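Same chain, two partners: subunit A is paired with subunit B first, then with subunit C.
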Partner chain A sequence: MWSSFKRWFHQWGSPKWFYERSLVWSRWLGLIALLCIPTSIIWGLFFAPADYQQGNSFRIIYLHVPAAVLAQSCYVLMAIAGLVGLVWKMKVADVVLKSAAPIGASFCFLALFTGAVWGKPTWGTWWVWDARLTSMLILLFLYFGVIALESAIQDTITAAKAAAILCLVSVVNIPIIKYSVDVWNTLHQPATFKLTEKPAMPMEMWLPLLIMTIGIYAFFGYVLFLRSRNEIIERERRTLWVRELVERESVA
Partner chain B sequence: MSFASFSDIIHMGGHGFYVWLAYGVGFAILGYNLVAPKMKRNALKKRLSQQLKREKLAK
Partner chain C sequence: MNPKRKQRLLAVTFIVFGVGAAVGLALFALSQNINLFFNPTQVEAGEAPVDQRIRVGGMVVEGSVNRDPNSLAVTFDLTDYQGVVTVAYTGILPDLFREGQGIVTQGRLDAEGIFQADEVLAKHDENYMPPEIQRAVDKANRAETSY
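Presenting the complex of A and B:
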């Protein structure tokens, strides 16, 4: 039991193993994303009933909530990868942290942007400096910080360490975002997804949101592996297996 | 379908601008996340295979 766990854990230390496995995972994730995202967008945009208070502007929820949930999960993933990279010096963890940052940043921006566009017809304003919105803006700047650190430091090992420490320290912002709507007075409504309660929305509104969230997670995995494979090739370019891979692919 | 006509879909009961702006940016971001790594991949492949060729010539 322990030895098989150790072997499983050590596999993750091999960029080559990760590269090859991720090709298989990517195929499944891509398929899930390709099924879920168009289904839920068509369902949410055209078939879900209009909200009795917000009218059709509520349809922005199908982008806003999944993007916001993903932007936060992505940062937690980066902090975990940072910890693993620091403690066990795992190259794959460094690669994942670096590759996840621009994706998370783009979804964090999307959450903020769709929030502003939704806020205008609903709250009458594009932006308020309340707890939820401000802590989410800080998350975007933290993403920029990680990206800047990774690109400013030439040495990959030092860059990975610096980014990992930044992620570990600043992941404290995630619970602040999460509980900001409960703790402080805010215009923002409380969480849409709750594990312990039934959703406050009717099923035909809620189901496309769930499917979209699954689709966005799958999409995130897919593009994360795309970027990770690039990063692995770049870092391992002097190894034999990457040389052979490049040779094979340049012939094809 | 919760809309009667195509122009209803565009109009979205007066919220068309907001809904379509949000979805436009949403699609742009999904597209960026797909295209950027694929372009990087092609550039990387080209650079590395040229490097390999040069090394072979030098031998």
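Presenting the complex of A and C:
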């Protein structure tokens, strides 16, 4: 059991193995995203019932909540990749960390933007410096920090090390974001999406949200694999397997 | 696991937990300052500073909203089910403002203990439901209380 896990884990150390396998994975994820996102947008925007207090403006939840959840998950993924990269020196982990940062930053921005748009009609303000909103803004700046570090340092190994340390140190922000609404008085309401509890809304509102979240995760995986594959080809361009690959592609 | 990796893993774990503990302690020390607003109980107990810009949050007490018929001035009571604070405000209230709704107000506490608000923000909870269900819930509540 342990030895098979070890073998499975060490496979990830090979960029070639990752490159060959990830094509199929990315296609499946792309297909899931293509099915889930349009379904839930149409369902959520046209067929789900309006909220008893907020009316139709609550429908922005179908974009806001999945984007916010993903922005946080992506940072945790980057911290895990950073750990693997630092301890086991796996090249694929460095590549994944670098490729995930801009995607996570985009979703973090999307969550902040949709939150502001939603806040204006319901709360009466675009922005308020409460613990949830502020910690989410810090997350966006952390993403910018990781992207800046990666592009500021020429040497890929040093850049990966610096970014991994930044990710690991600042991942402490994620539990702060998550529990900010429970620990402090905030304007932001407590979590909508709880895996351990019964959802705080009826099924016909909650199902499109669930499908959208699955779709957004699949989309994230799809884009992450595309970006990682690109990055691997660029970094490994001097190796034999990439040259052979290019030769085969150019003949075909 | 080879010793070099073990050493690196230990170092990384140490850094992560060290930073986590440091930030945790700092936030614990600052926890009062991070709160967005004071509760009515805290205001009644005199914990809120007088004549400084602060926020007070709570539920609007049912039947306490008094609108001035000639202007936009309005007064209402805020409660956290323990303390009560009277708020005076002049201006347009957000859509979600209603009796029984949670709100956050920004302004100054005057010498008589009335909160002079210059901004009112509505707070809503994480429960969403279609209007028909809300009507059904209200109906059930009314039926229960009429017994």
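We take it that the second predicted complex is superposed on the first by the 246 of 252 C-alpha atoms of A that agree within 3 Å, B and C clash if a C-alpha of one lies under 4 Å from a C-alpha of the other, contacts with A are read in each partner's own complex, and residues count from 1 in each chain.
Here is the rule we use: contacts are C-beta pairs under 8 Å (C-beta built on N, C-alpha and C of every residue); 3 or more make two chains touch, one makes a residue touch a chain.
None of these values were measured; they are calculated from a predicted model.
*Asks:* Figure out whether A:S14 sits in contact with subunit B (first) or subunit C (second), or with both, or with neither.
*Replies:* neither
*Asks:* Kindly classify A:S250 by the partners it touches after superposition: subunit B alone (first), subunit C alone (second), both, or neither?
*Replies:* first
*Asks:* Going by the contact rule set out at the top, does A:T39 touch subunit B (first), subunit C (second), both, or neither?
*Replies:* neither
*Asks:* Touch check for A:T239: first (subunit B), second (subunit C), both, or neither?
*Replies:* Neither partner.
*Asks:* By the touch definition at the top of the document, which applies to A:P121: first (subunit B), second (subunit C), both, or neither?
*Replies:* both
*Asks:* If we overlay the two complexes on their shared chain A, which of subunit B and subunit C does A:P49 touch? Say first, second, both or neither.
*Replies:* both
*Asks:* Touching A:L187 in the superposition: subunit B (first), subunit C (second), both, neither?
*Replies:* second
*Asks:* On the A-aligned overlay, A:N230 touches which partner chain: subunit B = first, subunit C = second, or both, or neither?
*Replies:* First partner only, subunit B.
*Asks:* If I apply the document's touch criterion, which positions on subunit A are contacted by subunit B in one structure and by subunit C in the other?
*Replies:* Touching subunit B and subunit C on subunit A: residues 49-50, 121.
*Asks:* Please give the residue numbers of subunit C that touch subunit A in the complex, ascending.
*Replies:* Its residues touching subunit A are 5, 8-9, 12, 15-16, 19-20, 23-24, 27, 31, 34-37, 39, 57, 93-96, 104, 119-134.
*Asks:* Would you pull the subunit B residues touching subunit A in the complex into a rising list?
*Replies:* The contact residues of subunit B facing subunit A are 1-3, 9, 12-16, 18-19, 21-23, 25-26, 29-30, 32-34, 36-38, 40-41, 44-45, 48-49, 51-52.
*Asks:* Residue numbers of subunit A touching subunit C in their complex, please.
*Replies:* Answer in residue numbers: 49-54, 58, 61, 83, 86-88, 121-125, 128-131, 165, 168-169, 171-172, 176, 183-187, 189-192, 200-202, 204-205.
*Asks:* Would you mind writing out the residues of subunit A in touch with subunit B in their complex?
*Replies:* Its residues touching subunit B are 37, 41, 45-50, 55-57, 59-60, 63-64, 67, 102-103, 106-107, 109-110, 113-114, 117-118, 120-121, 219, 223, 226-227, 229-230, 233-234, 237, 242-243, 246-247, 249-250.
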